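Okay, so subunit A shows up in both of these, paired with subunit B first and subunit C after.
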Partner chain A sequence: MRRPGRGFAMAMPPMLLILGFVGLPIVTAGLYSLGHFGGLNSTTAAIGQHQHEATTWWGTLGAYTEVLSNPRFRSDLAATVGVTIVSTAIVMVLAIGIALYQRFSDSALAKGLAVLSIVPMFIPVVIGSWAILTFYSGTGFVRTVLAQVGIDGPVWAYTQTAVVIGSVWTSLPFAVLMVTSGVQAVPDALIDAARDAGASRARTAAGIILPIAAVPIVIAVTFTSIGVLGSFTVPYLTGPNAPAMLGVDIANYFQAFNQPQQSIVMAFVVFALASAIGAFYVWANFRSASGAVR
Partner chain B sequence: MDRVARTLLGVVVAGLCLFVFGPLLWLGAHAFVSNWTYPHLLPDGLTLRWWRVVLDDPNLAAAVQNSLTFAPLTVLASAVICLPAAYAFARHDFFGRRTMLIGLFATNAFPKMGLFATMASLFYALDLMQTVLGILIVHVIGTVVFMTWIPAAAFAAVPRSLEEAARDAGARPLRVFFTVTLPLALPGILVAAIMSFLASFDEAQGTYLIGAPDYMTMPTQMYSLVLNYPKQVAAVFSLMLSAPSVLLLLLVRRQVMGGHLAEGFQIR
Partner chain C sequence: MSRAPDPRVVTEAITPKGLRIRGLRKVFGEKVVVADFDLDVRPGELVSLLGPSGCGKTTTLRMVAGFLAADAGRIEIDGSDVVRLPPDRRPSAMVFQNYALWPHMSVFKNVAYPLKLRRLPKAEIERRVLGVLELVDLAHHRDSRPATISGGEQQRAALARALVQEPHVLLLDEPLSNLDSKLRVKVREDIRELQQRLGITTVLVTHDQDEALSMSDRVAVMNDGRIEQFSAPDELYDAPRTSFVANFVGQLNTLPGVVTGGRVAPRDGILTCVRPEHTTCVAPGSGDLDGIVRRVVPRGAFQEVVIDLDSSGDEPTGGSTTVRSMAVRPDVSPGQRVGLRLERPMSFRDGARVDSPAPTHTPGR
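Coming up: the complex of A and B.
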């Protein structure tokens, strides 16, 4: 069936929804961050404080220079990037490990491990975060157990460690599903051939399986890192007040501090970082699509 | 496998078990205890009175009801809006197809918190604040990626030869769709529906911004519970909030793990 008109029309409803309720707000927010206070921005601009109003036809970068030169923002940005990199790295090591173990072993343990790792997907993030907070708190399980053997355990609640633990916990299921699917798709014949040629499991994994599963792995990396980068619930409930993750800052500046323009500027900083990661995802997809026979 | 590797594997698996389930079990146990004094390994006593507190609180009951209404409604609305598009992405080639698929992805790249902050002024202008429609829009937006990408991959995976065979046998296009294409794509659509249900069930920040205080859902209520009630009450509420999702997990584990989710996230 090749009716371009009909296909285009069928694709429209979700596109219009996204354009109207995501695209339009992002564009008006962009204008607002540059100091344009008219139109849809008038409500926000009427109540916001410390705003930078446009001085030229295109606007002003006042809000951007203010936020970017703010030392508190800089340390929050560094913490956000740090937590994102560490969490993504841990998630990928676990996901690749679980996927490879499943590929090499048919045991019930391997299957059980895969099921186990997707459980957090079915637990609301608020609950997961709060459970993690109580588990690693001053009176939590970890310290209670260590106290039995006379060790004064660490308090991880309200630290960056708890944010990393929470981020890994919530991100693990998606990464495991993506990587497992990619690793399972590697043909048996290739793996058998490698084994016949005398390659060890480690060589087979590094030389054959992982390169073939590269695209799903890249997708897992992008979605994990973009998710952690803009996350709110996990750092809000489990993290320290300072340095805070930018997702928490965006909410605080918008509501508690009543500085919506600064909040929007931070959202665009996160957006810029996420877009850079996103470009990587699009590139990986197209590279694989151009090589595939359609 | 030698003994060292075996032991190492056991430690890793046990560690992962503790990492995933430990916090949930620890929290769940609090729903049944009167108090838990640090550093005692066992609680001071067992009780069910926290369940009474939750069940007797009309706000919490309303939140449960709201959540169980919004989630199915979101899945339905999202399916109506997105499934035709998913079919089009899979079976038609049209102007801007790939740009649109990537455009959907871009909605994931903008931080949710920032998006809700910027959405607020639009919602004020359209008079959508504190309305069911407003909340529904926020929830559906969070599901568009799942409801478009995953079913699109499922439709694309249906062999064209089967559809052609049915057409050769004299079936009309609509009949071919409903008797051949749709049943074969159904597992993928089911996965998309579950992901959408979970996304709606989990959505808190946008719902709070648009709906509070008139429409509180279970996750938005959870934020205030954590801050204002004893730990045990929040534990009871957590168990109740996790129940529908865990039930879903048990029902559909096979479909979700079958690769439908992963398939949907590769743009072609």
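Coming up: the complex of A and C.
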């Protein structure tokens, strides 16, 4: 006999955990951003500075108006979106290239590349970020080597370029694993059939392999972009002071400027962007489940 | 697919080309998979490569298609050596074992893809694709995804995709193995009818002897990377040149010696082989051998009688040599003593035929 109540009860503990430790803070943070300073927000409100208190029953958009009209925030938002798009694009080009190379070649180079591409996964982000700094700093490896042959090399430390390099470094392993698994899962016969039909390797990749591996590719794009969007360590250590990525901004407003309400507004903006990307992920999974893509 | 040919279908006008293979060789590691393989397929002919798993038949087909590089040898299609050409530049088209339809494309797009690659005008692509879809009776599924049509329809879609390319040689890699037995019979008749109507040179790889015998003009039986015998189906069955072919094509009763004086007598390693349908139950003492019926197995249209032979004319062997007889209504029952008449026996020594093969019943097809 089916007992729906038992299944619901078994699902309750993790749901309660999420509701308590994720849902509740989101709700209280949302209320705080709208200027409700009572209850669980009272301590934060007592410490925070430059706050906008609710003037109506539902609150006020004063903090949102302030943040969204702040030129510094807009510049940081643009930098964050820009770094996210560029980093994701580079990561996906590299991941798809490595995956296709592995699919078409059994060479030692292909295997070596595959192993090399997931090495960053085993190196802590802090270490990787410092390595990038020392590599591309004014007295770093790149400039030192180029100086030996009389070339004035670039200084990329503390620039958005370093943030992009760091983001690619940290995001590439997962993307390579994801895309490779999708590309490798395409049956040989489908590729042979394309070659038999007259398709070159490039046409086979573009017309057959990548569309069939669309779902893992979409998942890799989603996870990479959300990861870069909310990143902190890489932009904090390798990026410029301004414009800064929103992850760094949020920390600065919360810790250095003691403006938790503005910090939370920024977090909601990042959350909104991530939700849009997440909707794309859900759509891809839905298509996968309905068999329309695969 | 019994409808009249559509006059718009360009594939009606295929001019048959021949396939000639000489000295083809493929080695994987230490194992020689295909060894000095020669084969001639005449224009418009359907030839089957028949053999057990691992005999090299699919490897040979994949070398003809260009998916595998040959270690040595020549593959000539219409007189041109294509052995160094990549698959996309060979004038052949293949139907794969699991159909290999691209799941993200509709049936129409699957069939149209080869023509799209050739950058043909859109109108011509549409005309040719619809023509070939009607030829295989799939026009009503033009917008369906492969996952939403049946196995038989997928098979026909794969065939349409191959035919629309107007290949000089059509390659079929066990195309019926994923179909149920009834559908398999229908589809193999469809393929054969289409192949004969279009007159397209075809190579079929299969391990199913029924499939090979019923569809082919000639059958090459392969074993260990070599052709054991290349003959018309009737000749292959009636006059096998090796014990491997005799065993692989049809069933066989194997007796360890020669039949003389009502018993099987060992002689110089000779094996006497008789097909079950040429082994007839008669009254005890009136046939070539005697034995006791162990069981009678119903096989639908006929019955199979399993008989333990006597070691001599009157002493039972305890079942050490068993033969099978096939008959429509054998009037025997388990435990009954029977005589056996052996017709058209074949003799083999060290795998090779040592007597004169009987003439075939119906030469040519």
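Here, the second predicted complex is superposed on the first by the 276 of 294 C-alpha atoms of A that agree within 3 Å, B and C clash if a C-alpha of one lies under 4 Å from a C-alpha of the other, contacts with A are read in each partner's own complex, and residues count from 1 in each chain.
To be clear about the criterion, a residue touches a chain if its C-beta (ideal position, glycine included) is under 8 Å from a C-beta of that chain, and two chains touch if they have at least 3 such contacts.
Nothing here was measured: the structure is a model prediction, and the numbers come from that model.
In the superposition on chain A, A:154 makes contact with neither subunit B nor subunit C. By the touch criterion defined above, A:266 lies against subunit B but remains apart from subunit C after alignment on the C-alpha atoms of chain A.
In the superposed model, B is the one of subunit B and subunit C that contacts more residues of subunit A.
In the superposed model, A:38 lies in contact with neither subunit B nor subunit C.
Applying the stated contact rule after C-alpha superposition, one finds that A:230 touches subunit B and leaves subunit C untouched.
Within the superposed three-chain model, A:141 lies in touch with subunit B and out of touch with subunit C [touch as defined at top].
Taken together, the two structures place residues 292, 294 of subunit A in contact with subunit B in one case and with subunit C in the other.
Those residues of subunit A whose C-beta lies close enough to touch subunit B in the complex are 1-8, 10-15, 17-18, 21-22, 24-26, 28-29, 32, 40-44, 94, 97, 109, 113-128, 130-132, 134-136, 138-141, 143-145, 147-148, 165, 169, 172, 174, 177-178, 180-182, 184, 215-216, 219, 223, 226, 229-230, 232-233, 237, 246-247, 250-251, 254, 260, 263-264, 266-268, 270-271, 274-275, 277-278, 281-282, 285, 288-289, 292, 294. Across the interface of their complex, subunit A is touched by residues 9, 12-13, 16-17, 19-24, 26-27, 30, 36, 38-41, 81-82, 84-85, 87-89, 91-97, 100, 102-115, 117-122, 124-125, 137, 140-141, 144, 147-148, 173, 198, 201-202, 204-205, 218-219, 222-223, 226, 231, 234, 238, 241-242, 245-246, 248-249, 253, 256-257, 259, 261-263, 265-268 of subunit B.
On the subunit C side of its complex with subunit A, the touching residues are 65-67, 86-89, 92-94, 96-98, 100-104, 113-114, 117-118, 145, 147, 161, 165. Across the complex, subunit C is touched by residues 187, 189-190, 192-200, 203, 207-208, 211-212, 214, 291-294 of subunit A.
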